[in-house]
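Shared chain: chain A. Partners: chain B in the first complex, chain C in the second.
Let's look at the complex of A and B:
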């Protein structure tokens, strides 16, 4: 069987204690939330942190405040299974509840957290493998090697952002609070991500993601999340389409944001498609087709996930179209 | 006695709970990995990181110096080769001289705990001289040097065979129409839930015990004795219940033999539990097969001549490969009448984990080709593919073109059943855009007619012990891999003795305590072990009947068995309880222990290569599949499966249904998504050749949410060679599923995907291609040997 490497386990009891510990143990520490991403990576020796800092003993990270009207703040260690069962979330942010309910499988959602899902490591078929496997390809740029096998001429890593909730939180205009020994800062979710497969988070090493803030939706707002994958369960998204629109009188689009997951090292915003939709109606098939075409242009998949590359490009267009049609559906 | 005698009605045909159900459901069953002994050491294998290389040196000093390390072994400790087939003794427990695929075991570390063993294994340095990577059969054919093995049929061809049953070219020349198609069936793996594990230990009296997840303890016993240089009587192999096998545990494996050697060396129990990745590397799964099929028909649609050529990607070792090669041709003739038949098969070595037997062993690939080709033929000649199959089905008590003996067949009834259940006649062609129905049928063996190594002994033996308390224990070397063989053993003994299966204790999977059964492969266990069990139980029954007859003062023929009693059939109120009957028999004639055994009938096929294919009986299946195809993405959703299986006689209908549904599930996985596929880096940068995703996340097998509704119909048509008429169900029902899905996709959207898996990418590519087809387009030149020429039965003697 696969064994975890040896490590030290630290269990801080408060947020200040946590940030202090983090500052002390330095870069050799990893934060452990549900562990559904980190522990398998450790078993495969992708990560071999000297210390694990547990988050489950920190009450501040479980705090929940606000509501659908005022906006909701969720602690980073809110479990994914709690979102699907949370009336406020399913009512006001159904796309988020849906994305959370599509992650992995029930056992993973029972321990996997929202913060962990946002901070999920980027994925690549050459990276999510055991040490022995990676040794037999001479490793890769992301760690221990000097070639990117997806794009051998490349100087950067193209590993893929594969979180289900990240594109949704981006589209919803959510923000996150990052806490460190020196204080807290609050940033929009898209700013958490960098376009780089290795350093995919802008978060500093000494920072912990403390909370996620969901802005209250306006009554004329609609959001949707569609996930593409080979199987109905377990699989990571090969494509995630998250869209939020505000529909004015007669169904005219007054505001729109579209983010695609699974097609780049960070959630990709389809700004041209969103701009094109302004002033148009989602019930108009030509509008949807053109917006889908524009949105798919930001999807730049490489051959490092499931499914063939060419097919994924076509599927992006098809799925954006389906997402927009779903938003248009009378409810 | 003839099977079929001695029915009491107490067990056969009843949906009784399996005798092992409680342990499985409560988690109390002990699988190999659950076994643990005091002082146990842990074993880890150091596996090759290059696909093909000479070993220049193995540096173990650093690992040896680690705390907790007890022993390190290398190829030098295992100079005797082994392999499942006598003709392919090409494996070493640890590589000697060279490595042949990424994952080939080179060294082994034994330590106090698993983590220490793993850490020490990482310190073992192997120095290599790389050799050219051979990644595909095409490359194997065009790259005779360097050879992966120094035996076989030349270059990197492991085995090439050619059989002619009549003059097929002449038949095709005289045919009304001739169809030629190329197909490719992708390799896939067993994916049993239980990962292989072995615990080896030496008793105080020197007996080496190897407890392992093996479907074939007898063959492991032989291989271990050979490699370790011990008399077989000094070795005991135990096969605890397994969490699935499907053919993936039928070879003797490196880790089993290394664990045994390590236990001998250290004097301590040694355990190894493979990781899921290592299970993917052990493999022995479905061969990827490229096929060319040519079929000539007359005006009525009858097959005048059928020709099959197969090219198998064997991977790095022989395994069952020679048999697999023959199997890609052997059962082609069993479902539909064909006047003449021609077969060419070639297996190549490549630098990948070895392929071997997986559920259906070598036959799902040509079955896919044949059933899809028939669908195409029917479309071309305007025939309903279900009607054609019914009309051309082989008949009972006939010989096939390649001399296989068909006794009973329920094929027509299976076809009629699925046609009726699915509403084929009313619904086909009327389902609307993107929806379609496909049909296919198939046949499978109930055990191979010949053993793996030549001998005249029984294929299965059963010993019964009846104790004074009325307890019955059945001893048999058969292995419970999850399929329910323990239950079949108990059930058949119970049936003969008028008991319930739960009254019978079984001792199986033990080479010291039980007589040999060759193993859980080839769908042989129910028929062969079953006949041996009926044989042994019938002898016990005779003794009990005689004793009861004396006590009841009636002739022995009037003694009935049932409800745990022996009674006068003319006056059932006159009876004695079972335990009393045993005591009377013991008093009269000594300990009540009987034996039974089974050897299949001599095959009619008497030619070189005729050893693969003959079986005491053939099971038949037919399936209709309904699909919905998304034309924008090519995504195929299976809506429903109707499947009928000719079981001969369902000994336990619930257990039979379980096997049918499991087969449907596995067939759907193979045709929709599963691929044992490999990744090669740009050759100018790297010689690497690695498994694409050796995990249950990356190897896509359907989840329960992907599974459609399945309607199972059991067709009963008792088979004289089977115990109480039973035939196999473990493998056959998988076979019609892949082609039925491909045919349904064609019915839905008019495209042919002539290779598995039928993925969205391929469906979409076919939808966009003017040919409306996706599939292989060339078949390489293969150096076929001079054919063995045998006239079909109707043209002469074999």
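Let's look at the complex of A and C:
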């Protein structure tokens, strides 16, 4: 049996209690939501926090307010399985519903949370291994070692952002509220992520991701998410393509945002591709081909996840093209 | 209104008392916070029907119903199960008669080495509880977190469909091969 390391478990009952506890227990505490990311990491001794602060007893983190017209606020511990069956979400933010429905497997989505998927630790072939495995290579830059085995000689960790919902929430223009004992701050989702495999979140240790805010979509807005992985279940994304466009009269693109997941330590924004699309039509195959080529340039896959490198680069171009063609489809 | 008293805390030195319902039986136990529901079921309650496979959330062997939802017991801290309802494979049916899913798994050859079977049965129960007329596609999706390395899944899907028919009051679908004799000997009754 693969045992968890020993820890102290705290069960705060309100958000103020939670932030007070976080400030008290200090940096050696970890937040426990669904546990589907943290507990495997603890079993492999990638993480050995002295204290776990449980979030399931904090009702504020389960709150839901607003709707598709006013914008929707979801508590961070909203379970992923709730999103796929939520009429407001599937209607107004279909890309989010789809991304949530593609995470892991049904039992993982039944306990895994939206906030947890956003904060998902970065992943790497040399990191997501047992303690004995990692010890046998002298560990790695992310923890206990001094070499990045993906890019020996690199001074940074290249572990890869593997969240399905992160690129989607970036593309949707969503924001998150971070709460701490000293108050709350609200930031755009892209600002939550640092371009670093080790400290991949800009969230401070004393902060908890409390809520996710989805802005109301305009009627002429469309969003999509496509996921590439070896198996159709369980696997993390090797590539995620999230795109949102606003189409004007005649199907001309008036606004566009494209983010790629699985190809960097944070979701990568394809700004050149989005700019190129402005004033053009997604029904024009040459436009789609060129935008896909531009978007694929921000995908810098490294040898840190599944599939061969060269193939993954080509797959990025192919998947962006598919995503844009799906957005162009009449509805 | 703020709750009274200090923040509830468990461990590391003292065990915590929890009560939960396991297969309709109320149980009260002392647990360490680092103990998982899987460990509690197998080691403290002797319910070894629930298997430990990868123990990392990737294989589904340890699946149980937690408050009616399919969940992986290897990734649930036991302290978080206080006051909750757990159903394991042992809780599918009381007595010597098989649950229609168990009978269908036997008849359709849905079990070979058997290690994934408890998780498969629980996951199948979960999908049929919610949708007694689930399609092949919906069954496959619901079972997509359960790994089987023997059967290739086809016999499992056929067994779940056959059990669904029985649960709806229809005759079971015929297995591809003749079913084994699974009558219960008198001395086991």
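To be clear about the criterion, the second predicted complex is superposed on the first by the 331 of 331 C-alpha atoms of A that agree within 3 Å, B and C clash if a C-alpha of one lies under 4 Å from a C-alpha of the other, contacts with A are read in each partner's own complex, and residues count from 1 in each chain.
Keep in mind that, in the parts below, a residue touches a chain if its C-beta (ideal position, glycine included) is under 8 Å from a C-beta of that chain, and two chains touch if they have at least 3 such contacts.
Since we're looking at a predicted model, the values are computed, not measured.
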If we overlay the two complexes on their shared chain A, which of chain B and chain C does A:186 touch? Say first, second, both or neither. neither
Would you check which partner chain A:111 touches, where first means chain B only, second means chain C only, and both and neither mean what they say? second
Taking the superposition on A as described, I'd like to know which of chain B and chain C A:306 touches: first, second, both or neither. first
Identify the partner contact of A:234: answer first if only chain B is touched, second if only chain C is, both if each is, neither if none is. both
Contacts for A:3 in the overlay, against chain B (first) and chain C (second): which applies, first, second, both or neither? both
Contacts for A:11 in the overlay, against chain B (first) and chain C (second): which applies, first, second, both or neither? second
Per the contact definition in the header, classify A:329: touching chain B only (first), chain C only (second), both, or neither. neither
Classify the contacts of A:36 with the two partner chains as first (chain B alone), second (chain C alone), both, or neither. second
Kindly classify A:54 by the partners it touches after superposition: chain B alone (first), chain C alone (second), both, or neither? second
Intersection of the chain A residues that touch chain B with those that touch chain C: 1-3, 5-6, 105, 232-234
Touching residues (chain side chain A, partner chain C) in the complex: 1-14, 16-17, 21, 32, 35-36, 39-40, 43-44, 52, 54, 56-57, 81, 104-108, 110-111, 232-234
Touching chain A in the complex, chain C uses residues 2-3, 7-12, 32-36, 38-39, 52, 55-58, 60, 63, 66, 69-72, 74-77, 79-80, 123, 126, 141-142, 144-147
Chain B-touching residues of chain A, taken from the complex the two chains share: 1-3, 5-6, 105, 125, 128-133, 135-138, 147, 149, 152, 230-235, 306-308, 310-311, 314-315, 318
Touching chain A in the complex: which residues of chain B? 33, 47, 49-50, 102, 114-115, 118, 122, 195, 273, 275, 277, 632-634, 673, 679, 681-682, 685-686, 688, 690-694, 697-698, 700, 702-706, 760-761, 764
